[in-house]
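Okay, got some structures for you below.
Across the two complexes that follow, subunit A remains constant while its partner is subunit B and subsequently subunit C.
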Partner chain A sequence: MLNKIIKSNEFVIFLILVGLSLIVGIINPAFFSLSTVFDILRSSIVFFIMAFGLLPIVIAGGIDISFVAIAAVTSYSTHMLLLNRGYQGGILLYYVIACGMGLLAGLLNGVLVTRFKLPVFDVSLATFTMWYGFTLFFVGATANFDLPPGTVGYYGKFLFTLQDPLVGETGLHESILYVIAIGLFIWWFLKYTTLGRGVFAIGGNREVAVRSGFNINLIMLITFAIMGILSAIAGVTQAFLSRYFNPVIFISQPLDVLAAIILGGAAITGGRGTVIGTALGVLLIQLINRTLILTGIPVEWQRLVVGTILILFTSLPAIRDLRARRVGHTTELVQAE
Partner chain B sequence: MNMEPKTKSPGSIKRFTNPLKGIQIGNQTTLLLAVFIVLFIFFAVTEDKFLTGRSITSMAFQLPELGVLSLAMMVTILTGGINLSVNATSNMAAVLAGLFLVKFIPPEATPQQIGLFIVLGVLIALVAGWLSGVINGFLIAYVGVPPILATLATFTFYTGISTGLTGGATVTGFPEQLSVIGNKAFLGIPIPFLIFVLLTIFTYFLLNRTSFGFKARMLGSNPIASNFSGIDNKAILMRIYIISGILSAITGILTMSRTMSAAYEYGTTTYVLLTILVSVLAGILPGFGNVIDIFIAMLILQILSTGFHMALLGIRGSSFFKDFSWGVLLIIIFIINYFTRVRKAHE
Partner chain C sequence: MAEEILRVEHVSKRFGGVTALDDVSLSIQKGETCCLVGENGSGKSTMIKIIAGLYTPDEGDIYIDSHHYKKLSPIESIHEGIQVIYQDFSLFPNLTVAENIAINEQLAKGKQLVNWGEINRIAREGLDKIHIDLPLDAIVSTLSTADRQLIAIIKALLANARIIIMDEPTTALTQKEVASLFKLIDDLKTRGISTLFVSHKLNEVTEIADRTVIFRNGKKVMDQDAKGLDVQTMEFYMTGRHIDTSAITFGEVQEKAQPLLKVENLHLSHGFFDISFELKHNEVLGITGLLGSGRTELALALFGELPADSGKIFVDGKEVKIKGITDAVHHGIGYVPDDRIREGLFLEQSINNNIVVSIVDRLINKLRLLNMKGKADESGRWIKKLDVKTPSGELPVKSLSGGNQQRVVLAKWLASNPKILILNGPTVGVDVGSKAEIHALIRSLAKEGISILLISDDIPELLATCHRILLMRGGRIVEEFKREETSEHQLSTELVGASGPASP
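And then the complex of A and B:
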């Protein structure tokens, strides 16, 4: 059991995370504080949610980029709709309406993919462009800061707070609970439901999945529905955490989320991927992006460092595979002799 | 993007077995041409200003940058890969060339000397593009990193170089002569458009008329089969990513010359996704696809952009309608293609 954990991909990423934290912490001891942890978690929350939504699709062998556009169109449209009605209440209605829209938007992708037998990536490229264009032209093109009174307090709703000598009062935002609930749900869905096992079957070998009697279309539709709903939740959550609604929210980030999932050990060709790995991948990217400032590297060179780290991290598994193949090859020869 | 080789329907194989016989007009070309003509007539009838020389010229100035960048994307998709770093490469090439021009031209230089410096600057940009291609090609072909991941990492890396060198600022103050490339016309044809046409023809010949192009397509349609046929997959991939890098650098030069500035942030991710959209619209698949379709797809996107901009003038956010129309058009083309495939299968 222990051996299995140590050899797992997740454990390697976990070690990288710890190692990177130690390096940053040694350079700047200010890193080792609860407020840093809370800060990284707060900035990761929406990426956790989006990555969990995308994970089943990646496991099924698809690459989707439209989830960010779905987050934008659902959150911004919901806000404009409620604003025009003079809505005064809390955030629950926001989530309900946005999730409804997200469900429909996700299903649109799903129907196009299943009914017309199209590649997931091609469809998502079309809907990505379409939804951002739709939001900007039909709904609105400017950021909106008018939050209903019932939702204003949400920004500072912490599970618990603490006093930090540097930044003052800080805390762990309650939306981390959604992340845990969603993560558990996706884990359960992938591991313990027939549909979830079907997701792996499709990604592993589509033809075999069809012959084994999996209802491919139904499974794909459900994964797209999940993606749509979770994207909507991420869009609304991000808006309330940053206290404004942005029509082009996340427009430059679909590939970052995808990279987090792949770094977390999911195979880009499908068939492999875990919730824990995805969560660690998101944390790794956030850690790299948000803690370099603590190491004293000049701001303008940080992106280069991030790029270098990314090149190293993406090369490592490939190099490991190369070596494994070579080693495997020689043992085969030895055995043959 | 499917990284795995695709199994193709018999129809498309037929189109491919005759690569050296005349310019192939595939189904996608016919469809795109039809869409182009319909849209062109529609906007020519409904908008008085659409068919004026001024609007045609302005379209011919706007389209080449995305067009050349789409060629850079297309060659990689043809081999079953992708190059997400095209835009970062073009910005990096422009920044390096721009910094060279700003820092090294002596104030007392004669026009001839300045011309020489500009040629050197262009060379620097091209070398930067070549180098980015070498790095991408090495990671993808020799280390074995999946193209989407390798180029996502180098996308950040190249952007990082531009950000670091410029400190995040926009580089300006180039000699006036540089603007000729991006803003002047030759025999009434805008120079950027001329460059785009020439590069389209060049890429067409490279991919359809040379043994290198043939091997690249074979590699795209089935890398294992091409490897066992004695094709050096790694060398081919390396050259494809170098070509992609150089084409990206040319885009950088065009943008730099038109705007007379260079910065790390021009285009960003959305521009990369647009070049993929052009390839998808043009029906480019690993091993299959035609450069001519990229050209027509670019014309269609530009017509939609200019046409709707004219039609919706004065309405708030009118310039965003084009994105919506591009997405919808792509979905319509997908569905038409689906029904064509189904009909063919019945026959």
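And then the complex of A and C:
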């Protein structure tokens, strides 16, 4: 059991996280503080949510980049709609309306993929472009800072707060609870429902999944529905954490999320992936993005670091396979000697 | 009198203008091992698919116990206890042993939630059914082919199979694994489970069959007790002609001239040790040994895919360094892999494109564009020379049968004018008739001046093509046989003897 944990992808990425934190901390001791932890977590929240939404699609063997556009179109449209009607209330209605839109947008991808047998990536490339275009053209092209009165305090809703000598009062934002709830849900969905096992089955061998009697179309529709809803939640949450609505929010970020999932041990070809790994992958990328500044490494280097870690990580299994292949031929021989 | 479970009567099936099955009847008794033999295109797979309910016959009736079906659906077939184990085993490579075993039951019961305790219990029960032990949490892609096959069999048993249809089950198994599969089939028999064993390998058929059925061109040409049935008779029924092995003529080897390829003390850690041999002009040299004897590694080393750690290689008397595939190709060495589907062919591409893929630089005109006429001429020449059976070179390779696909792989390498051709298992998965033709082709290639290194554990094949045969065991060449001085019996004894520990 212990052996298995040590050999797992999650453990390796955990070690990298710890190692990187130590290095950053040694170079700049200001890093070792709860406020840093809170800061990294806060910046990670929406990425956790989007990555959890994308994970089932990746496990089923698909690559989607449209989720960021869905986050943008749902959050921005909801806001403009409510703003025009003079909405004064709280945040809940935002989530309800945006999730409804997200569900429809996710299903649109799902229907295109299942009904017309199109590759997930192609469809998502189209809807990615389409939704950003739709938002800019029909809904609005400028950032909007008019938040309804009922939502104003949300920015500073901390689970608990503390006084930090450097930054003053800081705390852990309550939306981390959504992340935990969503993470648990996706974990449960993937591990304990037949639909979730179907997601793995499709990613492992689609043909056999069909033959075994999995309802492939239903499973794909549900994974896209989950993706759409979670993207909408991420979009709305991001807007209230940053206190403005941005029509092109996340436009440059789909690959960060995909990278986090891959770092977390998911196979880009499908069939493999875990919630814990994905969460660690998000944390690692956020850690790199947020803290390399503290070490004095220029910002331009961050991308290079993420890229290098990705190369190392994605080539690890390949190297293992290569060795296994070479040794595999001669297993009997080795026994015979 | 044995109890009859399945009877197919006067079944015909046509696809367009082609008759795949023509008035064929077949019955299977309880606990019987029935072998279904036939060349590619003889109607075996059509018959399997009719029994599995995937095809509806145009005419004829199917009786299972006393139930009469004009038309059988896949679900009905499964409910009647018929299970097909396809060559890919229908497993999920990324899931565990336990889940692969239990997943069908999970789906059949329509459960929405997964109870992992129950999955493990079902899997454990399944493994106990055939008295084997595999780690329940092992990922299936890490298992050997034989273990994967066992999981497929367990799945069939858990689905209450009464007839298990195995489609070419021994293709990727070692001899030891074949032996334990046969033991398992015998064990199933004692429990009243019948097996329909579909195979090309006639020596295995003689070993396992209670009754042998042979199809040829969509018709049943033989159906009789397997006792006393020998390989020659079966070959005759399969091909409709006698394959005369005595009349084979071998080309002359240039014994005196300098050897074309000479290998001295070649060594690859975890692969092979201290390998020395000579390959002469016009010679076919066989290299045999069990899986894991280092024979494939040796071939890959000579082809530069797994470069050797030390030792010398001479081509035409000159020492050459082979550090990669380009070096090997440069020195005129070609390699035809055993897994032609995965490593040798672009299945979706046309036959023409596949044939010329390694010589495109020769087919470029002054404008640096591909000379389309030259391409068609070149591939047309090879299609004719190697007798690839196809209406057009523009058809995709996947439209060809196994034997013809193998010819395309050969054509691809021959087009590049190699001096030395390494063939790894050239007739794996090829039917008897095409096999004899490929053997004749190998002999005539050698006569024409290409020296061939043939890697195979098919002993009749070695005897039908090779001038000399080297036996590998534990990564070393342990013995050399001259064709005239050895026999099938001696070779097979020596080959199986090689499964023991390597002699020091």
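Simple rule for what comes next: the second predicted complex is superposed on the first by the 298 of 337 C-alpha atoms of A that agree within 3 Å, B and C clash if a C-alpha of one lies under 4 Å from a C-alpha of the other, contacts with A are read in each partner's own complex, and residues count from 1 in each chain.
As a convention for this text, contacts are C-beta pairs under 8 Å (C-beta built on N, C-alpha and C of every residue); 3 or more make two chains touch, one makes a residue touch a chain.
Since the structure is predicted, the reported quantities are computational estimates derived from the model, not experimental observations.
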Touching partner for A:R197 - first (subunit B), second (subunit C), both, neither: second
First (subunit B), second (subunit C), both or neither touched by A:V208: second
Subunit B versus subunit C as contact partner of A:G271, first or second or both or neither: second
Which partner reaches more residues of subunit A (counting touched residues only), subunit B or subunit C: B
Touching partner for A:L125 - first (subunit B), second (subunit C), both, neither: first
Interface residues of subunit A shared between complexes with subunit B and subunit C: none
Subunit A partner contacts - residues on subunit B that touch it in the complex: 1-4, 84, 139, 143-146, 148-150, 152-161, 163-164, 166-168, 268-270, 273-274, 276-277, 280, 316-318, 320-328, 330-331, 334-335, 338
Subunit A - residues contacting subunit B, complex: 63, 65, 112, 116-119, 121-123, 125-134, 136-138, 140-141, 251-255, 258-259, 262, 268-269, 299-308, 310-311, 313-315, 318-319, 321-322
Complex contacts: residues of subunit A adjacent to subunit C: 191-197, 200-201, 203-205, 208-209, 211-214, 267, 271-272, 326-327, 329-334, 336-337
Contact set on subunit C toward subunit A in their complex: 88, 90-95, 99, 103-104, 106-108, 111-114, 116, 174, 270-271, 290-294, 296-297, 306, 474-475, 499-502
